[in-house]
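Both complexes shown next keep subunit A, but they swap its partner, so subunit B is in the first and subunit C is in the second.
Then we have the complex of A and B:
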């Protein structure tokens, strides 16, 4: 399998720099692929959709990007078993494209990351996400420990998982909830959820386990320099807690 | 008092409506124009529709005379060729519109028929997981 990773850039994407740097720091062969060059995507073995505001969140967050030509290749690659990781706006795009939870046809969404609650305001807050499914449920999380606790930054106005009751039940029954919000000590309760997300959900995985959509940004807590409690005396770009998810992703790509 | 709906629409170029038009055309839906309105729910007091319009136009968080045009709707339902999209469980905030109205026109300038509106709604304008469409 092809081990090259494409970091997709839509008009309005703004997290491609740190995403690309982290992937390369972890030894991945990663490149940016812009929206004007969708024909290049087939040559890559895995895709990362970084955060931002693709197409200015017009209509809904992720709605326009889900119909972009880049996503034709991602949908095709997903069906072939390629690994796909979406962070924040990338996660919203994956849900709008129907790739996560992937229980209906492509581009027929059954869930969404939508306006925060109780107040529909933008939040920027340090959070922890906890692996809620078995590590082997997804190839992307396979190298994580059971119940792994990962620091990240939540930076979104539309990060609340919402779906109809039947689809929420489907997410639970199909073990689609990959990550939940947690306290720094690993406890999980409503107070740990910063945005009113249903099921306390921070991240969802598709049925086959090759597509993961995560709302908070672990890549923004991936080095000592941007860790909340910076370790004095260590190199600024020494790996920090958020890197472990990307490390697991890169390992999965290299194993595939 | 009577509940009336007020449609506020950009009179300057509307990038969001244009983006919707381009994507819908790419999806094979033959449209010539898309108009996007924010639909506010208001109470009509003494003075009728004209006073309601004046009152809404004084609300600077809703209406900017340099950018917007306003219509008090005759009936509290979508206009011909229009679909209203409502977010199902998003918390209401002051001065947020009740609906987003998408008014679709065919290439000959006539309002879109119901089948075209349904296609546009299903394929792009409404995410049924979180939104409800009213035609």
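Then we have the complex of A and C:
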């Protein structure tokens, strides 16, 4: 099977470095693929869309990138069951491309991650996300524990899930809400949500479970060195914390 | 992110060129000298070129010889001031010498006129200064000084908000974490904000790219890369070398540049690719940011500092619109541009990286990399436009050091104040708990989180201690390596308003202490000197005094200034200058990140101990402002400072610097980090002065079994209240709520 992972770089992507580094530290065969080389993508078995400001968030975050040639290959690969993980701007692009929740045609979005509320500003805050669907709901989360609590950084101006009432209902009924915001002790309530997101949603999965879109960045709290409360004697660059989600993704790719 | 393009109309109002020479900042004697040296009347393009190059902003004509007093070399210095950034030795890792590139500048004038764009382009400029040294840009810091921003309808408030939003929009988009910074609100900045910016880069020592053309480069290509040149930022250098006049606001707006972080993000990544190619081929080239003076200023400095001249074809410049006048093409300060000097054999490959692989022309209209001229052996600077020579001057006359010897008058010594008055005010404090509440809600003490939560502090995944958690921010810049880099800034305007020299000294001391507090080893400094009008002898005197202060502080600590900036004319049309503001950044190295000292307040029963000299002077403190106390600034025993650092490093647990709000505010903030589990009982009978005085050293946590290393301020308790020497009590949670909310009205 094709275990090679492509980390997509759109103009304006800014988190490709740490995303690639984490995938490789977890044993993945991963490469960056730039926007000027979309033809290379078909040769990869899985895709990761990292954070940033692709096409400077024109119109709406992810809206232009969803129509980039890079996404032709991702849409095609998604239909073939390839695994796709989008973080932050990558998540926004996956929603704009209609791959998540994937209840309509490609590039016909039914939901969006849009401007934060009540304050529309960019917010950078440490958060926890909690696995809200059964681990086996998605191949990408299959190695996580039930209700897994994962540390991450919210860093976005457009992270609020918004959709019409019928589409929100669809998300709930189809168990598309993969992650919700939570307190450090795992409690889930409105105070834990940094951006006014509908359903307290931090991440969505598509119907088939092969595409996951997550707003906060687990890869920015993914090595011991990133944790303020680390214990003395731990290897500084051993993956930990937020790395579990990526680990689960890499395992799924290697299983596939 | 904010849509930049819809804001274009606000800044593209170009200064009329037809009123041409009348707008030049060059003085009559300078004009005469130029004409005399050329032996003819200069062309219009030449006038504008000299106007930019001989402006205070480019030439440092009133400051250069005084800046020579600052220490700029030492064992940790790889490159001192002189190029676009300074370079400090970080440490060795697997046989490689790693270095930290640092630059520190101001973007005060633009930020006062159009705060969002002004501050954003400040970030853009400082990032390019670091980038062009061949470095990967790894961190930002933003020391900010705003006016009284309480009234949401005031210009001071829109400046305070707009500047932060601009910094946030630019820094977040390019993916460089904000690691440090500070902010003060003071009436002295009502009409002139200060927006200082600092950027850090990482480079291996042998791979540093210099801001000059290397030996044997005659005939090399000069390659312009980046945004299409437009009419924005025309006259920026001389604009920032004059006093702001409110009536001129509209015409000044034309001198501010338009930010495009999206393009900057792509330019950075494309440049990293070019650096990799240069490394593979072992080539030494020149690379420089286009700042003040535009294409002319950058290409002239790039070539003249290597002993060469340049010939530039303005028609080759990728312009945003046709028909731009040659002086606009030559000296306009369009953002997001850099300039390479490259041997001919690699030009095609470099152009391919920018234009094809990173597709600059598709990223922004007419953006590209393009050959615009060549390096010449003859030291002349020659510009062609439509087949004609529009400028032809001795390149050293253009870029050489001119100087102004300005009259100085000594700083007026402040009359001494009777300390008994202060003691009476302190004795009259009814409840120390109530005073603590006012202190923690004061805008200079309150939580900065409402501001910095708008900054991405963790992009790149290398953040170890994010901004706001401890006294300095810390990164792990080299994946897999235990080497760390710490960054902190300081420069207290309340001090500056009282005593420019002492304030500068204290800025050095505080920035360095902050780095020491997290367990890092200070390795170097930068400074940005923000002052009034140098032609006002009393304002000029403050500037000179500040240099003496910086110099004394740095020499005592055996540290050098490797980069810096002078910003004059921070005065209003009425001649009111900003408080003397020597702002200092300190870089620290950490050889093993696992030995970092993370902030904590210890456990119930531990002692909180004040170490360091503690004369208890309240001058310039927040408490003095609250209680109406007038005193001199605290003195620092510079001779004992290194020993103090060693003492603090030797105490195993947490140390925090005493700063704004004194030890009282320091301890409160230590408790705020303890999840409202712990409190403090201050030592009965402890003088209030001791808790309120600033610049007193460090508060350290010591187990009760250890002999105290200094004055025992109090004991950590298991009930989350603060119990003061006068027995008044306040809940930690109540204080924290006040402290957290105080800036929310400015930054909701």
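Structural remarks
As a working rule, the second predicted complex is superposed on the first by the 252 of 256 C-alpha atoms of A that agree within 3 Å, B and C clash if a C-alpha of one lies under 4 Å from a C-alpha of the other, contacts with A are read in each partner's own complex, and residues count from 1 in each chain.
The rule is short, and it goes like this: a residue touches a chain if its C-beta (ideal position, glycine included) is under 8 Å from a C-beta of that chain, and two chains touch if they have at least 3 such contacts.
Fair warning: this is a prediction, and the values are worked out from it, not measured in the lab.
Legend: residue contacts after superposition of the two complexes on their common chain; A:21 is shown touching subunit C, with no touch to subunit B.
In the superposition on chain A, A:162 makes contact with subunit B only, while subunit C stays out of contact range. With both structures placed on the common chain, the touch criterion links A:55 to subunit B and to subunit C. Applying the stated contact rule after C-alpha superposition, one finds that A:67 touches subunit B and leaves subunit C untouched.
Of the two partner chains, subunit C is the only one that A:35 touches; subunit B does not reach it. Of the two partner chains, both subunit B and subunit C are touched by A:119. Applying the stated contact rule after C-alpha superposition, one finds that A:11 touches subunit C and leaves subunit B untouched.
In the superposition on chain A, A:218 makes contact with neither subunit B nor subunit C.
Considering which of subunit B and subunit C touches more of subunit A, the answer is C. Of the two partner chains, subunit C is the only one touched by A:153; subunit B is not.
Under the contact criterion defined above, the residues of subunit A that touch both subunit B in one complex and subunit C in the other are 55-56, 58, 119. Interface of subunit A with subunit B (complex): residues 55-56, 58-60, 63-64, 67, 96, 107, 109-112, 114-115, 117-120, 162-164, 167. Residues 15-16, 19-20, 23, 26-27, 87-91, 93, 96, 123-125, 127-131 of subunit B touch subunit A in their complex. Partner subunit A is touched in their complex by these residues of subunit C: 1, 3-4, 165, 168-169, 172-175, 261-262, 265-266, 269, 356-359, 362-363, 452-465, 469, 476, 479-480, 482, 593-594, 598, 748. The touching residues of subunit A, when paired with subunit C in their complex, are 9, 11-12, 14-15, 17-18, 21-22, 34-36, 51-53, 55-58, 119, 121-125, 153, 155, 157, 217, 219-223, 225-226, 228-229, 232-234, 236-237.
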